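Order of writing sets the chain letters: A, B, C and D. Residues in each chain are counted from 1.
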């Protein structure tokens, strides 16, 4: 059996490992287009802040890890998939093609390039790859003005390193609050206040009209109906899109990602998808969407691997959307249906001066979603309660009154 | 002859079924001699747990526990206990 | 080290807080907690000051072992001048507050002055601030606890507070921490309230470190925990039955004071005993006791967690009292039960809840109610004062009514809140007050346990069993059995217990460990934890130094050897039943010997020799 | 045979000896705030419940770690965090449905129970045998596994 895996991120690597665990003899190849050994984008912010070196981002630390497991890691770029011939056309590597019995698409995503005049200026960088990180590190000088376009997850998580490096930072966010796709209004506003207290200028509801060259001093970022902000470096973090364009025509796409069913199979039964490139089942809503987060990628990968080995072996019940974000030391998280559901109750607590917040969302007496800010202890039980679909009984009202009793509620309903 | 036999605290479990709270009243024939140690034996109270032995509220040291009880005596026994 | 070496000084008048280094020279002499805080009180206050005036200070103090893994190492004490006795007050409490304070990095808090308005002290590690407490004033301890937790949204905050009893001037009001642990005796709550200080809320996450020899300490702690576990008292009896195991014992030996100490035995004793707490009650089939519970670090776990039968008259239609809370300890069950003649366990559990909820010492409360009942019997108090309530011995309704009145400072509750000495004086029968130096007796009748007569008479904080618990020897045979009905040898026994207890109370551990431990078990743990060398002799010397320092403070406050006395009833009215029948307490035989052993003058004054020996402050 | 921590909440008195032993072993100070085992107090119910990581087979934390900082100790079966490798991204803390791996803001790393290398201090410190270290079969882990089955896709995938 020839398993070909496109993409050397966490989904690809975990799928390869799972396949190897299931089948000692299968041929397994990971094809990735970056020069580095498989690494984690999750770790890039910590590389930027100097907490780790590049090696610390590597998914597996031993140099001979993949070879030792008979997993071939190939550097090449997938250009096209010929589903009929079960062949991937490649570029940039030694081989021009790779033939498969089962194919896993785990090519992840790439940053969007917003349609802004001047976005291709040499002083503008995205923050996605190790290469980007190197560029940013080289470009920041103490006291240098830096503009960050986009206060989404990626924008926020790299703030700490930019502030620590001494950048004079301005964030420009189109939405009306920070991290609008992960945090509710209260949470987003608290986060903004936090950033401002740390000396970061935050402009929400603002759009970049153009980036103009300003000669030696860098660029000038022009805000629509607003000021022009000088910058030595501009970081663009306006979102990502799935790397699925090369599959156009081969499998069904949704929202630009590979629609992956409960077996993580695409519309072609021999082509699977996992991770950020997959439009998979959402546990909470029951709908299909992209959930760009490590635990989902790993879950996808494992299930896809089982089904690649034996079709229909395992079904996916859907992943609970969740995320955790550290913004200059302030930690926020989101779970499931954090916006709440129609007719559902919620329980919230706000300690604005202490930068603490929690909002639990219920459907009847079950927990379905949550946002937290400034809380780090035992927050995993939010997932436990959501995914276990536990009926909370009298604990629901207790949680409405005091959401911080999560752990007690969890123990009461699971260990009673 | 009548003797009240009382067991307290963790020794209560050694009382026969039907005992009232901590005590049983025991009847003996006239002239029949019974000592605290014999009662301890009879109700299988572990010696290691026999600490405070009171006859009518007065402490009975170990060397006095083979002296026969008298009619109407109250024998009360505790394991080592304390409070404050 | 083990000490945090830092104290927090809170000037309530100015609203200022400041950190200062702990006087380590004093710590070497007075250890910590009870001893060291008394040293500060002596240095910083006039013993003649008005206990409820701005000049009195109040100290929350931990010991060097507080917050460490040593078993029971969670204690703190409140040291101040008592409004009930005019003597030094030192009330020791368990729960979790003491360890939290230490973990926040503080050995002590010294409160001085009086705040112009109600405040609470909030401590988060090294940060401390006074916070307006207008919203908390007038609230019970339980309400205050909830409001503070709600306000700061942190379940881990440990809180000590005073309730409405203290606010309304109850002279035996307590400071309650962790909902149902109390710095209970001598009216320390009234002092706190007089300073307009409602609560102390502590969150500590720095931890307690700096143990001198960590490996040796952990080894010693493990060994000594084993000693407690294997000892039948601390390993079995106390966890199973709590201190309430004593109710039947003390009744059986004829030393259970009943009906304001007229009697030495109580018919209803077994109904309110530790054993009875385990029996299913007729109303709802549940036992009074739900579980035992430990204070911080305690491997004994004598604490009781109890419920009241929902259908009982005291709580019907009051669901707020249907859940679990701190249950009966022996002293509380005796004072509110035997001494008032009440044998209704649910009623006593209810009044115990009330004592916790609004901060009252259940011993002084129960004993004061008992005195009031006797005054009522004599007709000195009538339904005119009580608004119709028949204050009869044995009346559970009267008892619960009194608790509600004192807790909230209403009507006759105000008078009951002054304690039995002032109450009996007011109604013309001072002889009916069962007190020493103004503080009510605890649960051992000195006619049936002779040594306790000397214990009470010479206690530095008025009648108290915990200053020299000779019951251990005279009744329970710990460390060895002595005859409770004789006075011979009791002076030496009392002195030895007093000195050892003063040392234990200064370390941060619970005196209940001494049912299994002697200072030989304690000293190695202290020595492994604390700077310097700590032997049994050094601990005993420190204990004796502390005892003399407290005595000296009291003398300067105007208390003399003439106050080392017992109520006439215990000296003249012989016990009517039980082994002590026909006996009174022989204090006059024990006291001179005791003074001599102490090296004091014949009238109980400290001598220059003693002052010099212990290097007491002038 | 591998051993596990077995918790019998009915025996717990809430003394926090376990938390002190844990924090002393791992942090060098007595500090319940930094303990990997926590005792939860159900005051109304009169119940204390000690709680820590069960070292579950499927180890959500391990799977969620993007940098391979969590690995299984083959001898003890414990999932251990390598401080040198952990970058502090906290993904494991939201992924663990038991809430037993937590971020330590002071160190910038996550902390969890590692069974003290096969000799758990909490169990040794517990005075009432509410926490014991016993053969894995006896721990009622089955209950936990059944729950895991219900919760997780990947767990099922592995069986």
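Keep this in mind: a contact is a pair of C-beta atoms (placed from the backbone, for glycine too) under 8 Å apart; a residue touches a chain by one contact, two chains touch by 3 or more.
Since this is a predicted model, take the numbers as computed values, not measurements.
> Work out which chains are contact partners of both chain A and chain D.
Shared contacts of chain A and chain D: C.
> Specify the chain with the shortest distance from its C-alpha centroid to the centroid of every protein C-alpha atom present.
So the chain sitting closest to the middle is D.
> Skim through the chains and flag the pair connected by the most C-beta pairs in contact.
Greatest number of C-beta pairs in contact occurs for A-D.
> Need the CA-centroid distance for the pair chain C / chain D, whole Å please.
It comes to 39 Å between the two C-alpha centres.
> Mind checking the centre-to-centre distance between chain B and chain C? Centres are C-alpha means, answer in whole Å.
34
> Centre to centre, by mean C-alpha position, how many angstrom separate chain B and chain D?
For chain B versus chain D, the centre distance works out to 50 Å.
> Roughly how far is chain A from chain C, centre to centre by C-alpha average, rounded to an integer in Å?
For chain A versus chain C, the centre distance works out to 58 Å.
> Indicate the residues of chain C shared as contacts by at least two other chains.
In chain C, no residue touches at least two other chains, as defined above.
> By residue number and range, which residues of chain D touch two or more other chains?
none
> Please give all chain pairs that are in touch with each other.
A-C, A-D, B-C, C-D
> If you look only at chain B, which of its residues touch chain C in the complex?
These residues of chain B touch chain C: 6, 8-10, 12, 21-22, 49, 51-52, 54, 56-59, 61, 74, 76, 78-84.
> List the residues on chain D that touch chain C in their complex, please.
Those residues of chain D that touch chain C are 13-17, 20-21, 23-24, 27-34, 43-48, 124-125, 127-128.
> Spell out the residues on chain C that touch chain D in their complex, using ranges where they run on.
67-69, 71, 96, 103, 156, 179, 204-209, 214, 218, 222, 225, 228-229, 239, 290-299, 301, 303, 305-307, 323-325
> Which chain C residues qualify as touching chain B in the complex?
Going through chain C, the ones touching chain B are 231-233, 236-238, 240-246, 248-249, 252-254, 270, 274-276, 302, 329-331, 465-466, 469, 471-472, 475-478, 481, 483-484, 511-512, 515, 578-579.
> For a test of understanding, state which residues of chain A touch chain C in their complex under the given definition.
Result: residues 349, 351, 354, 356, 402, 404-405 of chain A touch chain C.
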